Amino acid sequence: MPYVNIRITKENATSDQKALLIKGVTNLLQEVLGKNPQTTVVVIDEVETENWGIGGETVTERRKRGE
Amino acid sequence: MPYVNIRITKENATSDQKALLIKGVTNLLQEVLGKNPQTTVVVIDEVETENWGIGGETVTERRKRGE
Amino acid sequence: MPYVNIRITKENATSDQKALLIKGVTNLLQEVLGKNPQTTVVVIDEVETENWGIGGETVTERRKRGE
Amino acid sequence: MPYVNIRITKENATSDQKALLIKGVTNLLQEVLGKNPQTTVVVIDEVETENWGIGGETVTERRKRGE
Amino acid sequence: MPYVNIRITKENATSDQKALLIKGVTNLLQEVLGKNPQTTVVVIDEVETENWGIGGETVTERRKRGE
Amino acid sequence: MPYVNIRITKENATSDQKALLIKGVTNLLQEVLGKNPQTTVVVIDEVETENWGIGGETVTERRKRGE
């Protein structure tokens, strides 16, 4: 029954990588807390780099500097 | 003043259906808790099926099997 | 499979009222979008009035003025 | 370490305005609570007007009436 | 830089189990997407069972029936 | 109409500090995007340090080391 929301910048995640995240988080909740995987919901949000800030600036700015 | 976030897979919701969800949730909060509809905010997020997981797999996979 | 998050101020919602919200939102998603109620998740967050702001001030301040 | 999520309707925010929001919120958390700006995360979600409801109707409807 | 929000019912998660979830999710994001673990944020919300609904009823009701 | 969610660790924020955050964010959205402050909602979530992870460990662990 858990609900997990993974938020990452929209850069280069493939469908396969996203499927691995969903499978991995679902397994983790079963292993650690015994949660039934059938009702575990995982939602991935991919956010444009100009909408994501850290350290007071956008990720777009960081990427321009090679960070 | 309530804030409601409805998250669904991006499949086939029309503008009219989304308007009905917004109206319905706003009415429900007024009827059950007496909340002023004028300040009730409802935000609908439509999420790509490959970004939504349940049972450890993406909804994209489920749809391929006809589920 | 929808996920709904209802956020309200923590004031006076009873267990029965919260159960009605959960039932009502789940029914609404079935009626409007045909979503399976068995996998609809609704989570209610009750937030202290001093942690909820509208119009630039806390709800605690508003309640003191009788609003 | 704070996480801030700003949700607005997708209408006309420019990259510069979004950068100002990120900088402003990060500064505010440093000034008011002494939070380290280097680890403050700010995520802006821009939501289609037909997916945002207030007063029981969508912002799309409001905009049509010039509100 | 990812932000992960894990929402579970407030039932019996220990501090050690929560630390394992945080470590596990952080590792997963590094393995699958190469995300820097130093800036991955994981927030766990534990929600009262009467505030969590699935299948149109609260988890409190489900637990009474032994589910 | 914006909705802002500020999530911080539950450590020592006072009512006055939280009121300043609410006022500051509301003003910022008015200055940068011209948003009407009367309908801007700001919700602050204070999260227990053992439920907040960064760098793969809980803030509780970090605080023990004086970080």
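We just call them A, B, C, D, E and F in the order they show up, numbering each chain from 1.
Please note the rule applied: a contact is a pair of C-beta atoms (placed from the backbone, for glycine too) under 8 Å apart; a residue touches a chain by one contact, two chains touch by 3 or more.
Quick caveat, the model's predicted, so the values are computed rather than measured.
Show which chains lie in contact with chain D and also with chain E.
Per touch definition, common to chain D and chain E: A, F.
Strictly by the touch rule at the top, which chains does chain C share as contacts with chain E?
The common neighbours are A, F.
Superimpose the Cα trace of chain A on the Cα trace of chain D, which carries the same sequence, then give the rotation angle to the nearest 5°.
In short, 120 degrees.
For the chain pairs A-B and B-F, which is connected through the larger number of C-beta pairs in contact?
Per the contact counts, A-B leads.
Same or different interface residues for chain E and chain F, judged by whether over half of the residue numbers are used by both?
Because under half of the interface numbers appear in both copies, chain F and chain E meet with different residues.
Can you give the whole-Å distance between the Cα centres of chain A and chain C?
Inter-chain centre distance comes to 26 Å.
Starting from the mean Cα coordinates of chain A and chain F, work out the distance between those two points in Å.
Roughly 21 Å, centre to centre.
State, to the nearest whole Å, the distance from the C-alpha centre of chain B to the C-alpha centre of chain C.
So the centroids are 14 Å from each other.
Among the residues of chain D, pick out those that touch two or more other chains and give their numbers.
1, 3, 7, 21, 25, 39, 41, 43, 52, 54
Hey, which chains are touching each other here?
Pairs satisfying the touch definition: A-B, A-C, A-D, A-E, B-C, B-D, B-F, C-E, C-F, D-E, D-F, E-F.
Flag every residue of chain D that touches chain F in the complex, lowest number first.
My answer: residues 1-9, 13, 17, 20-21, 24-25, 28-29, 32-33, 35, 39, 52, 54, 59.
Going by the contact rule set out above, which residues of chain B touch chain A in the complex?
Per the touch definition, chain B meets chain A at residues 7, 47, 50-58, 60-61.
Given the complex with chain B, which residues does chain A contribute to the contact?
15, 18-19, 21-23, 25-27, 37-46
How about chain E: which of its residues touch chain D in the complex?
So the residues of chain E touching chain D come out as 1, 3, 39, 41, 43.
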